[in-house]
Amino acid sequence: MKFTGKNVQISPSAIIGDNVRIGDNTVIYDNVVIGDGSVISNNCIIGEPTADYYTSESHQNAKTVIGKNALIRSHAIIYEDVHIGDGFQTGHRVTIREKSVIGNHCGIGTNCDLQGYLTIGDHCHFHSEVHICQFSAIGNFVFIYPGVILANDKHPPTEQVKGPTIGNFTQIGIQSSIIGNIRVGENCFIGAASVLTKDFEDYSFILGSPAKRKGDVRELKSDAGEPLYPWKNRFSRGMPWQD
Amino acid sequence: MKFTGKNVQISPSAIIGDNVRIGDNTVIYDNVVIGDGSVISNNCIIGEPTADYYTSESHQNAKTVIGKNALIRSHAIIYEDVHIGDGFQTGHRVTIREKSVIGNHCGIGTNCDLQGYLTIGDHCHFHSEVHICQFSAIGNFVFIYPGVILANDKHPPTEQVKGPTIGNFTQIGIQSSIIGNIRVGENCFIGAASVLTKDFEDYSFILGSPAKRKGDVRELKSDAGEPLYPWKNRFSRGMPWQD
Amino acid sequence: MKFTGKNVQISPSAIIGDNVRIGDNTVIYDNVVIGDGSVISNNCIIGEPTADYYTSESHQNAKTVIGKNALIRSHAIIYEDVHIGDGFQTGHRVTIREKSVIGNHCGIGTNCDLQGYLTIGDHCHFHSEVHICQFSAIGNFVFIYPGVILANDKHPPTEQVKGPTIGNFTQIGIQSSIIGNIRVGENCFIGAASVLTKDFEDYSFILGSPAKRKGDVRELKSDAGEPLYPWKNRFSRGMPWQD
């Protein structure tokens, strides 16, 4: 009995693709484009205007694009001037602020908070309760686990500063903090509750507070003695190399 | 002026008990059963369908049961195929995914995120912002404090794996991480911001990152020299041994 | 196209100031006062009743006051018996429970959870995902960053106990835990992921788990050799000393 159209509000300037379904109590504001086959579930706000809207009489919503075959679960808030590729999926209550650019086939979990002015590549998956600061740059195939926070300043407060850069295939364990204009390389694994405030090279196994390079991820073995990283060799669900 | 029935939507197949009150903008989907005397507040979704719903034409919501005298506060999302006992209370914006089984007299705080495929016993209380991974098993009288995360893999990503098991009466301090198929015994106390990746025996006082057994909880004393644990001997509010 | 008045519900006993705008699906309960020029965005609940409401036939909502020129973003829940000064701003999904007193020109970020029975001074800014326990007392010009938790007991569970006191101008870094009836002085800087369980004097640079005083903040220098704290000397955006 979902998608009855109850209390749905869609701007006349929104462009809604074919076979799009929109849940109860959802609002789609001006200049939003939703790709074919997408689902926007209940109680969402798509095209939320930025602060300027509240102070300027002449505010015009910037174009906001959600690609084809998205599944955006309930209570999501996606701002104007966000551009998202195809195959996007979210959990509930996701917040994605303005000037976020997200690639294809990404997933953003429940309660994630993306602060805008950031880029995320393709095939990234953020689990629940991940916070990404402004001016972050995240590569492709980056997985981030619950409670991780990326922050853009080591000695707050400051004016806006650049956030972290995360290399392709890197995995960031739960509750970790990644702070400042640092670069974490490709194919790294960051253990739980680590606190990073400096650069790390590719293939680093990173752990601790303050975080240190504990070794090369290619040396990590499972209990059965199998190599764990690069994880591309042992995990394929939803990835392009899945059969 | 609550419970005016404004913009409430209830499936014809839902079974609503006597003296149930339902808040504005709440949706109750197919095959939900709500026990007598329960309150479902505003903007909730009860019986949220699983992902299969979006891809299958023939999806039928599994039965979802909320027991008697529940108080579910606003913006909660409870999936289909969740079974909850009597006297359940929540804060706001709770998420409880499918195949969660929760006992009697439990409380789940604001912004908690229960990922489903998990069991929780009786008289458990989770404070705000607690994240429980899939395939966790939590005993009776377990209290979990804000910002705690249970996660089911030490070396992600992997296919679905078993989460932690938490023994009866154990208390988990704020911001702690409990990771993998480990067993934390009964009557343990885990100090704030601990990171657990191995088993701990009953009555352990657990602290640190990585967490270590610092002693027996029965040796911990208050500033006044009174024993603190087992806490059952000094705390009774809402517990069966009250009065 | 915001503020069309769609599905808005306002109690007859609420007092709404001049030039107030209220978003879709928002509910304003009894005895709420909203100051001139304020914006309450979509899907908010203002004047949410306390638990007593659900068990007592005679519950009367206490007066709730939001000052002039507030901007409260969507999905906020503000309880009855909250008093907030002028120039208040929030992110999305903020929760502010009963008996919270908040001064002028404060900002509370997305997903923040203020548990009530607390005081916050003027010009405080909490970034996203901050949790403040009951019986906390926060001074003026305190900035708290994402994922910080203030908790009121070191050895839970206990009956209600006093929470932390935070001095004017103190900055609390991401993911930190501040636990118990402790006092953090004025002009302190707490580094990321610190765990505080004891008092700290004014001007302390605090770091670690358990947190220690690492020095005087006045000795901290930027990469360019400039003093960082007191931060009042180098940061003015939105502060009374701007211009």
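We just call them A, B and C in the order they show up, numbering each chain from 1.
The rule we apply is simple: a residue touches a chain if its C-beta (ideal position, glycine included) is under 8 Å from a C-beta of that chain, and two chains touch if they have at least 3 such contacts.
Just so you know, these numbers come straight off a predicted model, no measurement behind them.
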Interface sides of subunit A and subunit C: same vs different residues, half threshold: different
Superposition of subunit A upon subunit B: rotation angle, C-alpha, nearest 5 degrees: 120
Between subunit C and subunit A, distance of the C-alpha-averaged centres to the nearest whole Å: 26
Multi-partner residues of subunit A (each touching 2 or more other chains): 7, 25, 43, 75, 93, 111, 129, 147, 175, 193, 209
In the complex, subunit A residues that touch subunit B: 1-2, 4, 6-7, 24-25, 39, 42-43, 71, 74-75, 91-93, 110-111, 128-129, 143, 145-147, 171, 173-175, 189, 192-193, 208-209, 220, 222, 228, 231, 235, 237
Subunit A to subunit C touching residues, read off their complex: 7, 9, 11, 25, 27, 29-30, 43, 45, 48-49, 51, 53-54, 75, 77, 93, 95, 111, 113, 115, 129, 131, 133, 147, 149, 151, 154-159, 175, 177, 179, 193, 195, 197, 209
